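Below you'll find the structures, each written out as structure tokens.
Look at the two complexes coming up: chain A is in both, with chain B in one and chain C in the other.
Take a look at the complex of A and B:
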């Protein structure tokens, strides 16, 4: 449970956000994350995030499903309980294919959702701090983590210079916690009055 | 910006050499294949190639049709490539009609048994549908409509280049394209999606039928057509044309090739499994020579090339963005589906598995013809449709 200090800047235009991300990174400030109301193409590249390996995990879950289905069905129908179904052989591969396909899809889908939840630290009852209530509506919200070398005033001035509409400072829990929002609300300070309002 | 394609001398030579190989093979075939069996093999090889390549270039018109109907903007940067390929439809269609004329009225080879239904109760029952008159009229109408609509779509696209349009004009341009493409899709669905493969290919095994057959043939030619578009795009890109086309467009073409390879496999398996499960003699007769007869190696090679190779190789994001690998896979997929058509036509006609030197030679001739005609069409107009309303969407396309 690490409580950290952030300076939060809100942008109302993608065209401003992209150059701002580049400038903030070039200036050496540490971007905690950028929250957007919809997926913004190319933002991951601009933020310098490494490519996700979620799809590799998906492939591995998929072949696990394939092997599970094929080996279980062939064990049942050849060794454990051989049955004569319409005179078909005991290892009727074509009849196994649909179930194998379904299990491949099921394993990879469920596995990828779980992995995604784990990577994003999301689960039922787990709460994370919301930097700005409009980050799911119409604002692009950039949270910059403060360090000893980057005082809040500097960061605020810099965000103002790159075109942020609304800037404030928040002291909040950076990770996740289990509970309710209203009780933990006292953990972070009320947003200060916007600098450039 | 290089926007006007000039046919390189080397491409022209290549196409002429390939065309020459095709004509030479045709001549050798005329002399080498004598007698009843010889003539059957000769005409089966020609039917396989002419129907396959006609349907593959027709897939380019279908590509224009579906992307226009779906208001897809990403492909505008290389839109002229499928347009140029589709302009070979009238030529290949004419060849197909000549071949059908020989098969039906010249009575060449033993390809279509339904021409002589006398004494065969199944064929007599089917004869209102499978008879010389109906098949030839349907083929003429189908190929005629394909050619007319293809040429119309191309003309509309070329006319755009000379227009000065305001916002309203652009809207009406999109609407006009949508209407014509919708018309084409209806024709395509009623021909390629149902009757045409029945008449030309499924009727080779006239006693047998499958409701999956047309979809299967469509999937086969559609994925080959996408591969052909990818090949031309990569060729033009390697010569420094199509400056707007980048990894993102290639990635989407690769996704299409990957997805429709899977789609083809889905239909391949659906057709096979239903017949295998029901196990009725009048249906399994189709798979008997393919799975348990001499065509067994071709049947399974077909699955390896058209399913396992695209599945494993094109799955990764980085391989769909690799020009060399996509070009290789496109070539492999076209060859794979050519082989698919080989195993659709040959077991019902030739019945023996021969080394397909004749079929390959004729196929190379068709490849040469397609390269020559497409290159000429590409050279006729600027490579970027500069007035298309969706051009910007295509330039900033991002996957």
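Take a look at the complex of A and C:
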């Protein structure tokens, strides 16, 4: 069973966390992830994460909705069954606008939320590894993955020097439940072959 | 989400160290009272979920369920005997049912307004009230949806409103009809509001899960939280999602009541056939929605002890919205009266001056005027805006007024027809009243369950404004004000 080893440091103030992230990265340690109880602005950049493209996905879903609504209504009223409704035109574009707008919003919102859930690997009944129970309460939790070049004692000492309040070592079975920042992890499935059995 | 200049190493710039030091003028009153830290915020908002509910909660839930059951009985009666048990007739085809539909939809507008439009306007105070307001929106739209559905009479045919390939041709629905636009608008609004609300709830459910003492609670909130961890990347996406959903909901919320107003405005009935309807309906919806938020939150903050988070400042901010939208509605009423005279159309004139402001249903017009236009003017006074009792009473008066507005629009336009021989009068029968009471039952049953089992305030969002708007942090901001401008600008620089 493939396992990963982490040194987990907890910070109680984002003012301490920011310089700590910077120092840990400069020292060359591999930050697995930082868990925060609320969105800390700028932390994504400090960790070197790229911008999310979720909004682009939202735009694509939106125009899909626009096209679906407009083309469907036009097809129904001009081709499939051109009905005479009070002598009104068969292609009343202004009358199509409300439904077109609603479907644009609907497709975009539903699509974005589904994409968000997929990217973050979230669904009902999904259980993930929680490094510290207070990471959703008041602690900012930094998990550093241990490699051969970074022994636990060094990392612990380093985290202590940058102001972590609580430091411990954790061994976790590798998989999507610890986050999907590793290429070898398949989504929602156990690793096919043990990495170092 | 700040743009970074190309080539620079993100996270290594000096400004990153000071990003947390956000400053807010000390002239603004704190949005979170008392001495708080992050843990205290969690404690204050989550602990009512973990405690046993009080006697009042059981009594409230019991009454709500009784009302709901009475509503179910009334509707069953109506479905069994047909819509004939309602006092609708040839002249007055829309009565209490559509009045109540528009009323509930209107109430359902404040939640998304607070969560979406105020998010785009960067109004910090929304964080204290958005969760409950969005919940209220969802429950109100659920209630609203009942009326057109059961009004169909042969409700087992309700699916006919959906455009689907059918064996009748296929005969499609009429895409030109505002009633069909309504089907799309309301169902989209409900879906998007629900998604917006629930995606905001995920981190807070995770907070409840991670501090749960009992196995059952840990399991249930674990299921509800979808496995949220608080990872930085997830937060980044969550922020992006919230922002775009807010951007989508803003025109959506305006479109929904616009389309509801089209149900009337696209007809040729005097009193309905006006171009003023969309903005007038939207303003009215926000007006009544905020009033309902006040009614609920004034009770909720008291019972759950959340006065530190829903402060007098929040109440005042909402009262400002009420006086603004109430006055817009007032202007609309006067404009209607003016246009009825100025247009020179005999039918419009008669509807407004003979059958609305006077006539057998004239009393409802004056109740509307008093409740919606005259009484909210007390909120021009700061003392009144910050008075809890006045606000609570006003919030109920406003909703009575807004109910009568819909009643006036619908019934006083219909009861005097083009054909005087079909002139009629309308009063509801017991199944109509029972149906209305039943939706109160549904609404409050949902709200009571929400208030007990859900975090009624967005915990994560409160934490993110704590250091700028919390009282104990604001008190320290004098230090920044004493700095010279250059140093201040340097420290607060955003990248």
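We adopt the following convention: the second predicted complex is superposed on the first by the 169 of 197 C-alpha atoms of A that agree within 3 Å, B and C clash if a C-alpha of one lies under 4 Å from a C-alpha of the other, contacts with A are read in each partner's own complex, and residues count from 1 in each chain.
Methods note: a residue touches a chain if its C-beta (ideal position, glycine included) is under 8 Å from a C-beta of that chain, and two chains touch if they have at least 3 such contacts.
Quantities reported herein were computed from a predicted structural model and do not represent experimental measurements.
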If touched residues of chain A are counted for chain B and for chain C, the larger one: C
First (chain B), second (chain C), both or neither touched by A:42: both
A:90 touches, of chain B and chain C: first, second, both or neither? neither
Partner chain(s) touched by A:123 [first = chain B, second = chain C, both, neither]: second
Overlap of chain C and chain B interfaces on chain A (superposed complexes): 41-42, 55, 95, 98
Touch list for chain C against partner chain A, complex: 1-2, 4, 10-12, 16-17, 19-21, 37-39, 42, 163, 169-172, 174-176, 178, 180-181, 184-185, 188, 191-192, 195-196, 199, 202-203, 206-207, 209-211, 222-224, 226-241, 243-245, 248-249, 251-252, 255, 259, 262, 460-461, 463-464, 495
Residues of chain A defined as touching chain B within the complex: 41-42, 55, 59, 86-87, 94-95, 97-98
Sites on chain A touched by chain C in the complex: 14-15, 18-19, 21-22, 25-26, 33-49, 51-52, 54-55, 58, 62, 72-73, 76-77, 80-81, 83, 85, 88, 92, 95-96, 98-99, 101-103, 105-106, 108-110, 112-113, 116-117, 119-130, 133-138, 141, 177, 179, 181
Residues of chain B defined as touching chain A within the complex: 269, 272-273, 276-277, 279, 315, 317, 398
